[in-house]
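Multiple structures are listed underneath, in structure tokens.
You will see two complexes here that share chain A, one where it goes with chain B and one where it goes with chain C.
Moving on to the complex of A and B:
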């Protein structure tokens, strides 16, 4: 029995005892059941299994602590109204905000953070990680870490632009349809139906093979694919607002459509739209990454997470995790954004009052 | 089981609500004793805690509220505050029943009435299904529902509002509970239907010697129903006394003020005699919603400058549709609207800004009439900016002036949002928004029906004062005849989309009436506790509400007169 195992069980038992002593029911249950599970795990999987459990626990704990600290930071920095809202944020949302914040920093400060250029060949192909190349090198000998940092800028930037474009397109069409109604509503609705009936990946592939894989084409294709979903949501949300008496009052006053949308309808439908924005961002991001993986996204030598996975895919068969790192970066951002969106949906749905 | 047995004993009831991260007292120590067979009326403004006490009598605290530990609620010897959820649930429906304000919203639209009726007796295994159904039919008969054999097999939407409310009372009776809590059961109903429901509830409570808590804000109603009245204000008891004593000599100032609210009357104004054309003239208007039946049928009336015309009628009589025709939201299919003798474009989109500003509207529900995400300053300032082109300091001064006019302190309300205001304040903001356009004519669509009597009184006084100061004409849509009596100069009575009678207020309130007007007038509850009894004796039990409506004979002299 190694020292690690002894310390492992000692800590678990100590936590259980302390929790029991201070009458912390949930903590006690968690710690004690983990102890019991660990006995079985230890017998079946041996020390590595226990080590895995310990590392997961430490990582989770660290994430929780970072989230907590980050939330407290935000509360101190934010203005009073916002701080009050932030105080109600669950740890998961704080974690999501922290992830988004980290990615934003990486994207904005990429040239200063990355030790090498994104297309610079600095060492031999597939060089293993060392003190100079934190994550090793790719198939041409470029620094993985630098490319990952630059990739944030390219992949996230592209997804953000495409989502925003989809939103501008879909939301303005939805608001117009809800406000004007009648034939305009019908026409826009049918157009949306037609676009939605085409499988999205096939549509994107078609567009990209017709017009060639440039950034503009990607943005346009993605915007057209995702605009109908935004259109539907916006139309539904705005549809509930346009029937209110204050809209009637504004119409009777003689206000134009633009004023109605901007001052009367939009302020009352922002919450679900923002949540939808976050959600759509994840889908767009995955679609863009998928296109890159197929070789139709951002073209080399520009660093992009999707294409980085593809370029290094051969390493998988040698048991290397290098190609999985960009994939993990994608997964982490998606999870983070979803955590924040969950919190926003929770707030806007009024569930907190129950 | 003598009548003097105490059934419900509430001592030192405190209920707290969670807001702004602290627990705030909503109910501040109320005592209540209810004997078997006794009906107690709980009255007070909204926010006084009437419904909260009603729910607490079932041992129930709404989400986000809690009953404090030092309160005791004793129901027939059982302490509800310490009882388990299971024990309390066993009481509800079987021994304590609840009748909600809106029966239409409380029935499940997917099930037949009788299935919902028999749910509780079956659940508690008090009766077998067939037995329970027979009992339901019996109860429907006692509550004087039409076709008692058959009505239970309809779905809620196939039954009218008044009938639904009676069906709900029958449902509450299904297990013969000891206590029924009525939470504003007639507030959403028309006056003529209200009588039926009141009479039915009173009889059935009497027949089964059931105790009841009757929650309402309408004093005249509670006077008919209750043996004792308890007045509440902001979660505290003001006073409690037997009904007759309470009506004759209320002790506290607050109670006296409640009694006095119906005293306000504005002086009668008369039409100008110098031949100036009416400000608004509705001429032979027919209207219908797309593809539907005619909602308005040959409606004509005039509104002169500076006068108030009240349009009265039950729901569905076409009052609000008339307003929509005048404002241009619903172009008439026949006839026209004249403004100062000139035809007004039928569709609001064809009207010029100047024409639009002349005619403003104040809505019934201030909650939905004000954009919750826009500051008060902009809500009021926008019409001024839009029509008069005011900017910067001038605009701010105008908004301050308007806030002064509606008796709200400008500095305090300038930057607030509508959800931060009370119902009465919101309605005042709605008035200010209408005034900001500097109109000559305002449509007031049930502006006081969603408000408490004291607050409504304040709004009526404000409207009357503004009318004198600004020479405004009002079209006052209401179903409340007390409001008509206090503010109207002329009255238009509508029924089924037709004008049945119109004329100056004095004339309208002195006999002889058109039979429909007469029915409306006589159906308004009065403060006299014997009013309902007397009325039922005069008219006969089966001749109220729908039945009475059906009996208006077309050959009546007055009816024939208005047809021409």
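Moving on to the complex of A and C:
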């Protein structure tokens, strides 16, 4: 029995006992079942398995502490109304906000954070990490860390632009369909049906094969593919608002369609639309990442996470994790946004699931 | 019975209509090319004679509408003309690959469906406990990860570090079934991870929705034991949403397979599509897109028909 194993079990048992003493039922159950599982794991997997469990627990704990601190930080800074809402946010949502905040800082301050340029060849190909190159070098000898930081700007920027395009297209069509109704509604609905019955990745590949991979084509393709989802939601939400009495009153006042949409309908349907924007961003981000992984996204030498995974993929067979880092960056942002959206949906639906 | 057949027939007709529209889109989008297909294949430097010869060979000198019906007529019998680059028959290129893709998707589905539904129901019954919350975070993480991330993690551990499974899913004709399952295990597992997460969440939502309905409350109030509430009252009504969830996720599997095939160099139709897109081999792109779209629509149709068959209320729309 090494010192590590002794400390490991001592901490687990101490946590379980403390939790039981202070009547924290969930924590006690979690800690003690982890102790029991560790007995089995320790016998089957030996010390490395326990070490893995310990590291994951420490990482999770650190993430929880950061989220907690970040939530308190936001509560202090936010105005009173918002602070009240933030207090109800679960730790996962706070973690999501923290991730989004970090990425935003990295994207805006990229040239100051990154030690080298995104296309600058600074060392030999596949150089291992050292004090100058935090994450090593890629297949051409460019600094991985700098490319990762610049990639925040390029990949997230592209996904944001594309999502916004899809959202503007879909939301305006949905609002028009809801206010005008009639044949316009029918036609737009049928078009949305057709587009949604083609798998999104396949449709994107078809368009890219015809018009060639360029940023404009990707944005247009994504806008066309994802607008129908926004259209349906907006139409449903706005459809509920349109039948209200105050809309009738505004119509009788003689207000035009544009005024109705901008001043009456839109302010009353923002909450679900914002949540949908986040959800949509996740889909678009994953689609764009997939496209650039296939070599059809942002073209080199611009740093982009999807293509960075592809370019360094051969390293995987030597047991290196370099290609996993940009992929993890994609996953982390999507997880973060999803956590925040999950909380917002829960809050706006007011659904308490018994 | 007659009205069920009529309803199913209606849905089938609707699906066929959509498929027809999609075939129109797929065919005529290629017509939007700057220049035409021959120009795209030969590039800017091609001489007029070469272009004319290739156009004649590919039948591009005929009007677009005639070519469309020709193409559609062939597509019904799985004949998509010949590749613009190699001149091979497209059906010969993608026929075997399509079978491989179906095999991979079926392999993943056989593992994923029972696991996902069991876990989904379990999570719904244990909602708002620690188990539920952990499951929520885990499934959300799995959904949010790109397929290639999961794929490379599995390769790193199962293939490189522990050497349990091959990292490249190469297939050869003389392999027996066990060998086939062994070689394609990692790509199938990647798909399973993504699909199980989706299915669990959808099953959970469907079951919770169901348990909130008044007749379940009624059954509880009159003192029916919990297991009987589930088996007698909830389950018969749960089939429709569960069938829906399964069919929708199978549809997802069919397209999610593209990225996974590229990661594991699996000889499937997704890989063929990606290759054709980067080589701008339009007949192959069109064929692959049509096949994917048809499968997608078919599965969505199956979801529709399945929920009609298991839910008598849907048979009598108000």
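Following the convention adopted for this analysis, the second predicted complex is superposed on the first by the 351 of 354 C-alpha atoms of A that agree within 3 Å, B and C clash if a C-alpha of one lies under 4 Å from a C-alpha of the other, contacts with A are read in each partner's own complex, and residues count from 1 in each chain.
By our rule, contacts are C-beta pairs under 8 Å (C-beta built on N, C-alpha and C of every residue); 3 or more make two chains touch, one makes a residue touch a chain.
Because the structure is predicted, anything quoted here is derived from the model rather than measured.
**Q** With both structures lined up on chain A, is it a clash or a fit for chain B and chain C?
**A** Chain B and chain C fit side by side in the superposed model.
**Q** Examine A:34 and indicate which partner it touches, taking first as chain B and second as chain C; both and neither are also allowed.
**A** Touch status of A:34: no partner.
**Q** Who does A:215 touch here: chain B (first), chain C (second), both, or neither?
**A** Neither: A:215 stays clear of chain B and chain C.
**Q** So, A:319: does it touch chain B (first), chain C (second), both, or neither?
**A** A:319 sits against chain C, while chain B stays out of touch.
**Q** Quick check for you: in the superposed arrangement, does A:140 touch first (chain B), second (chain C), both or neither?
**A** neither
**Q** Classify the contacts of A:20 with the two partner chains as first (chain B alone), second (chain C alone), both, or neither.
**A** The answer is neither, since A:20 touches no partner chain.
**Q** Let me test your reading of the model: by the given contact rule, A:244 touches which partner, first (chain B), second (chain C), both or neither?
**A** Only chain B; A:244 stays clear of chain C.
**Q** Please work out whether A:194 is in contact with chain B alone, chain C alone, both, or neither, and reply first, second, both or neither.
**A** A:194 contacts chain C only, not chain B.
**Q** Taking C-alpha centres, what angle do chain B and chain C open up at chain A, rounded to the nearest 10 degrees?
**A** Taking chain A as the apex, chain B and chain C sit 90 degrees apart.
**Q** If you count the residues of chain A that each partner touches, which comes out higher, chain B or chain C?
**A** C
**Q** Just to confirm the geometry: in the superposition, how small does the C-alpha gap between chain B and chain C get, in angstrom?
**A** Value for chain B versus chain C, nearest C-alpha atoms: 5 Å.
**Q** Please identify the positions on chain A that touch both chain B and chain C, taking each partner from its own complex.
**A** Of chain A, residues 353-354 contact chain B in one complex and chain C in the other.
**Q** Which residues, counting only chain A, touch chain C once they are in their complex?
**A** Per the stated touch rule, the residues are 26, 29-30, 92, 193-194, 197-203, 205-210, 282, 286, 289-290, 293-296, 306, 309, 313, 316-319, 321, 323-324, 327-328, 330-331, 334-335, 337-339, 342, 353-354.
**Q** In the complex formed with chain A, which residues of chain C make contact?
**A** Residues 18, 21-22, 25-26, 29-30, 32-33, 127-128, 130, 136-137, 140-141, 143-149, 152-153, 155-156, 159-161, 167, 208, 211-212, 251, 254-255, 258-259, 262, 273-274, 276-278, 280, 282, 285, 288-289, 292-293, 296-297, 300 of chain C touch chain A in their complex.
**Q** Using the touch definition from the top, list the residues of chain B that touch chain A in their complex.
**A** Spelled out, the residues of chain B in touch with chain A are 63-64, 327-329, 348, 351, 353, 356, 360-361, 363, 365, 368-374, 378, 382-383, 386-387, 433, 437.
**Q** Which chain A residues qualify as touching chain B in the complex?
**A** Contacts found on chain A: 244-246, 248-249, 251-255, 263-264, 267-268, 353-354.
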